[in-house]
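Structure record follows, encoded as structure tokens.
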Amino acid sequence: MEFKVGDLAHLLDGEVLRTAGDGSVLVKIGGKEHNLRLLRSGTNEFEFILDNTFHHAKILQSGSSEVKIVVDGQPLTVKKHSKLTEVLEKASALGGTGGGDRNLASQIPGRVVNISVKVGADVKKGDVIVVLESMKMQVAVKAHKDGNVKDIKVKQGASVARNDILAVIE
Amino acid sequence: MEFKVGDLAHLLDGEVLRTAGDGSVLVKIGGKEHNLRLLRSGTNEFEFILDNTFHHAKILQSGSSEVKIVVDGQPLTVKKHSKLTEVLEKASALGGTGGGDRNLASQIPGRVVNISVKVGADVKKGDVIVVLESMKMQVAVKAHKDGNVKDIKVKQGASVARNDILAVIE
Amino acid sequence: MAEKISSILIANRGEIALRVIRCCKELGIRSIAIYSDEDVRAIHVKRADEAYHIGPAAPAQSYLNMAKIVETAKGAGADAIHPGYGFLSENENFPEMCEKNGIIFIGPTAKAMEVTGDKMKCKEVMNNAKVPTVPGSDGIIEDVEKAADIAHKAGYPVLLKSAFGGGGRGIRLANDEKQLRQEFEMASAESKAAFGKAALFVEKYLQRIRHIEFQLIRDSHGNGRHLFERECSIQRRHQKLIEMSPSPVVDQKTRERIGEIAVRAAAAVDYLNAGTAEFLRDPEGNFYFIEINSRLQVEHPVTELVTGLDLVKLQIAVAQGEEIPFKQEDLKMNGCAIECRINAEDPFYDFAPSVGPVPTCNIPYGPGVRVDTYLYPTCTVSGYYDSLVAKLLTWGRHFDEARVRMRNALDEFAIEGINTTIPLYKTIMEEDNFIKGDLSTDYLDRFKIFDKMAGDVKERTKDRASAAVAAVLLQSEFVKKSGTTENNAAARSKWKSRGATS
Amino acid sequence: MAEKISSILIANRGEIALRVIRCCKELGIRSIAIYSDEDVRAIHVKRADEAYHIGPAAPAQSYLNMAKIVETAKGAGADAIHPGYGFLSENENFPEMCEKNGIIFIGPTAKAMEVTGDKMKCKEVMNNAKVPTVPGSDGIIEDVEKAADIAHKAGYPVLLKSAFGGGGRGIRLANDEKQLRQEFEMASAESKAAFGKAALFVEKYLQRIRHIEFQLIRDSHGNGRHLFERECSIQRRHQKLIEMSPSPVVDQKTRERIGEIAVRAAAAVDYLNAGTAEFLRDPEGNFYFIEINSRLQVEHPVTELVTGLDLVKLQIAVAQGEEIPFKQEDLKMNGCAIECRINAEDPFYDFAPSVGPVPTCNIPYGPGVRVDTYLYPTCTVSGYYDSLVAKLLTWGRHFDEARVRMRNALDEFAIEGINTTIPLYKTIMEEDNFIKGDLSTDYLDRFKIFDKMAGDVKERTKDRASAAVAAVLLQSEFVKKSGTTENNAAARSKWKSRGATS
């Protein structure tokens, strides 16, 4: 299996060569063999020594083609590349709904203090659509593309969570 | 129900008068009513505000007549006194095995570095029976009463856990 | 004069409430906390001697509810109220209400607060006292047309400031007239929400300036002292991120000269208790007084580390009528201190607020490290209140020792569940211009710090790539095994939830 | 002279290993940890840049295994080895072995160590250098009959000391001949186990004495400085529990006078690097030199807090041939620092060791607090090693500020799963004689501190009685409810385990 870590350009191959009962594991990563000593493992959390350096890894989200992980305090995304997952990814990219593109979502939780446009208005990318308040700050949510406002999904004073859809722009 | 806390002389009566869905509880303790607000509860851990003061309680061990508990960092024993438990306690005191009395147990974990007496020896209370080593310290375990050493349960070099029986003295 | 204070209600929450509670415990003073519905499990509730519920989550109904707070203080028998910073700390009606109810307010008098809170009035007083002030407009503007007019005359860029603001809140930059009109609306809304009034003023935006402030303490006998400067130039949206003392551009002579002006400014408004005189310094070395912050500031521990003083203890002493127990010449600057404000904000996404539960956290410690925080494992960061979750401070014999200690402490500081500004500070601590002391309020943009931060993340990703792949391999191994034997329970429950609930 | 050290192997574990690792990180030095089977999850393994396994849990096969450690250091490319305290730190063969392998030993030379490690030889050198020493026997005793003879002549009580001991280990008190014979056997066994040799000596036990020591640093150019005194009189079984600086009985004149003697003592043995000159002080104010501890001591952070110096950094600088960068007169005592040694021992049961997992812990922080510890939530305290789990230090402008800060910090320090000496220190911090500074090495017995501690616990129990009853009531309520509705899963699994596995 090949792995792409974060936005690093090169892929790393990886495989487990041998595991012993005492927690020592021989792995091959990027063409080189490494000794790994597993100190502690849970479903989503691992502590191990890799070539004499301690690492702590916590897996936040794990899918068949992508793993979100925090390694030594640093959040990372690891994408798995095998022929099968590549095929699946391409298929989903081609046949995907694309619906996410229409929706303007809030990247932060907050309270709606102002709605700056009306349904039917034409807007340009960067125009302020909604103003949110969170932690005593006013944050403007701006149009993610040029288009026409098809729908406003929130009302003034409403609370929104992260990733809630605020408006539909087509 | 009456409660004896630690070695405080007076008993405290205690009962729950009323509980509300929002976590507020009216309790009567020592003849006085107190407002309690439960903030967090698990099987063995409670956080609550009692008359405007926060408390944290962790229950270490819970039996029908005795509860071992840590309140705000202070370990305590709470004994429950009701007629039934009193009866039970008396019965056990009378008909109890009394076997604990013969056994000399280790109050600490450690390694046996020396056994100072032989089986059959007569010893006086305070005589050194066994020497243990733990955390680089040598600690003498002494006879808990006058008597004759009926049995030595450990060997030199052996590891013992807390409460392990080291010898039998009768 | 007044009797010794024996109990204090802390009209605040978060790290500053804990700070005051700790001070009360040292002095044998009964500490009384208040809390909103949102804060039932907050650390200040747990650590105070007593804690009283005062209302719902929204600040207006709890931490800003003067009547309720004073009523609670009276009910609990509090001798005094400490307002912390923010909330009611600079509301001139609050000290008056305390006084009427026989409660000592630990802070300035209402009168001094009124003058210092109104930036325009304050500017006038300072000009009369020959304290140099920043050149610009000298009146309140309520109308956007007038603002546009003044801005046109002064020349863009200009700053829009709330006359009642403070700590950078309600300050906005406008580069042209279109932006001025947009920002005017939002700034007045913010100002209204935060202070109930929308009075703004316009000021020419000075470029490449430093923000340098002097800590002040003044007693009821007219004794005033300055406790040296703090350099607070590293800001975003005009809010301080990093503060330190000494400033790399203040030598002993300058310290004495500007410190004397700061003490004079405090005297001009008959100031009482702890406060801060804020100055701008232009690249030519000129200092302009801008305002007095009439409260204990967020960054007061920086001064505590280099002077050895406990400012909250000093506040309490002054509030109970004592004289300041030292002369100006008794004070000596000892080493260097740096503070990083750890905010629950995502520095990779324009400082977007980040709220929610914090399942675990590791608070750094060790030589030269001080932390003030309300975080603890299983706590929650609320969106109702300020985004400051921790103040990380380091002390060293000199700047560089404090700096490398900060770099390490940032590495040790782990906060799970929310985004914080920690990655930004990691980059800054190793950034050349920061190390050289080339600071200004536009530091972040001027030196493209966000690009550098992204580059650092890439480096860290590179360093951890093998470990990340190893972890994913371990997980696969683990899932493989658990699928067959150990982890049957989890597998079953997953199946069940699919069938039953989803 | 020598090149800059760029990597250090730390031949130790626990808090001191972490202390050295942090220092390495500040200096940009690669830190290399070693660990035994018992320590795979220890904090020094997690925090070092690299960590190498060196053997089984038993110290003789791991942290005392010189050959293995030197081999590991060479394999890892370490420039230098820091021994910490304990383990190999005072073994004169170790610096030699390091030198032969081209590795810098961060500590004294083998020669100086040999003299200071042999208390009898050291006494002789000091007498020649006109350093006042404690009166008593002046030769090693291997035979219990000779010991009884000397003790008889000197008069009981006497102290039995291991000539190779240190830090109070291997020192035992005998009140009469029977006890002397008993203790001689155990002391020689301890001495053998710890240092491989059983040489003891007998000394008259001076009563009501204080233990006061001077921190030393000496470079390879012959420059020696003392970094003021530490008062370490509060001890149990002749091991230090609480240390502080300044001592309440040392004024500036005495400090200079005894400090000069300490520097002279270091010069007499051509000492190198950090060390400590230990003195006894009798109630008449006479100081007697007793020994030089040829290592960084447990209590070095006390000195760091009052001088602002970083002793580990100084050690590294001296080890790479640098000159001490300050003169004696540059140093100034700043405020007061106190250290409490948090041991995993039960103060209610004769300091019995307490080992095992620590599911959670809360490390105190805030103004004036410093902690050095290896504890973290889910760690384990091992019975194989020293009982010191944390050093809690506070700093204040004066003794009383440091003292009340310590009292609060002790309250904040929560360690689940093991017993510690924290309750003892809570009592001492509020004990009249401690507050007055009436200290001596028999402080605990003289003032019946254990009785006071038991009384304090009773008070705390009283304060918590209602809360304890409330918690038991809550548990009953909870169990009542969970038996019927909410907690069904747990009930079921319990039933199942009964049927299936037990």
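Each chain carries a letter (A, B, C and D) given by its place in the written order, and its residues are counted from 1.
Operating definition for what follows: a contact is a pair of C-beta atoms (placed from the backbone, for glycine too) under 8 Å apart; a residue touches a chain by one contact, two chains touch by 3 or more.
The model shown is predicted, which means the values in this text are computed figures rather than measured ones.
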{"item": "For chain B and chain C, chains touching each", "value": "D"}
{"item": "Furthest chain, CA centroid comparison against chain C", "value": "B"}
{"item": "Interchain centroid distance [CA atoms averaged], chain C/chain D, Å", "value": "39"}
{"item": "For chain A paired with chain C, centre-to-centre distance based on mean C-alpha positions, whole Å", "value": "31"}
{"item": "Between chain A and chain B, centroid-to-centroid distance (C-alpha), Å", "value": "51"}
{"item": "Residues within chain A bordering two or more other chains", "value": "53"}
{"item": "Set of chain D residues in contact with two or more other chains", "value": "411"}
{"item": "Topology of the chain contact graph, where touching chains are joined (line, ring, star, complete, other)", "value": "other"}
{"item": "Interchain contacts, given as pairs of chains that touch", "value": "A-C, A-D, B-C, B-D, C-D"}
{"item": "Chain C residues within the chain D interface of the complex", "value": "18-19, 22-23, 25-27, 301, 304, 308-310, 334-335, 360, 362-363, 365-373, 376-377, 397, 401, 404-405, 408, 411"}
{"item": "Chain A residues touching chain C - in the complex, by the definition given at the top", "value": "3, 5-8, 12, 14-16, 19, 25, 27, 29-30, 34, 36, 38, 41, 43-44, 46, 48, 50, 53, 55, 57-59, 62, 67, 69, 71-74, 76, 78, 80, 107-110, 113-114, 128, 131, 133-140"}
{"item": "Complex contacts: residues of chain B adjacent to chain C", "value": "37, 39-40, 47, 49, 52-54, 56"}
{"item": "Chain B-touching residues of chain D, taken from the complex the two chains share", "value": "169, 186, 189-190, 193-194, 344-345, 349-350, 352-355, 383, 385-387, 411, 414, 416, 457-458, 460-462, 464-478, 482, 487, 490"}
{"item": "Of all residues in chain D, those that touch chain A in their complex", "value": "40-41, 45-53, 76"}
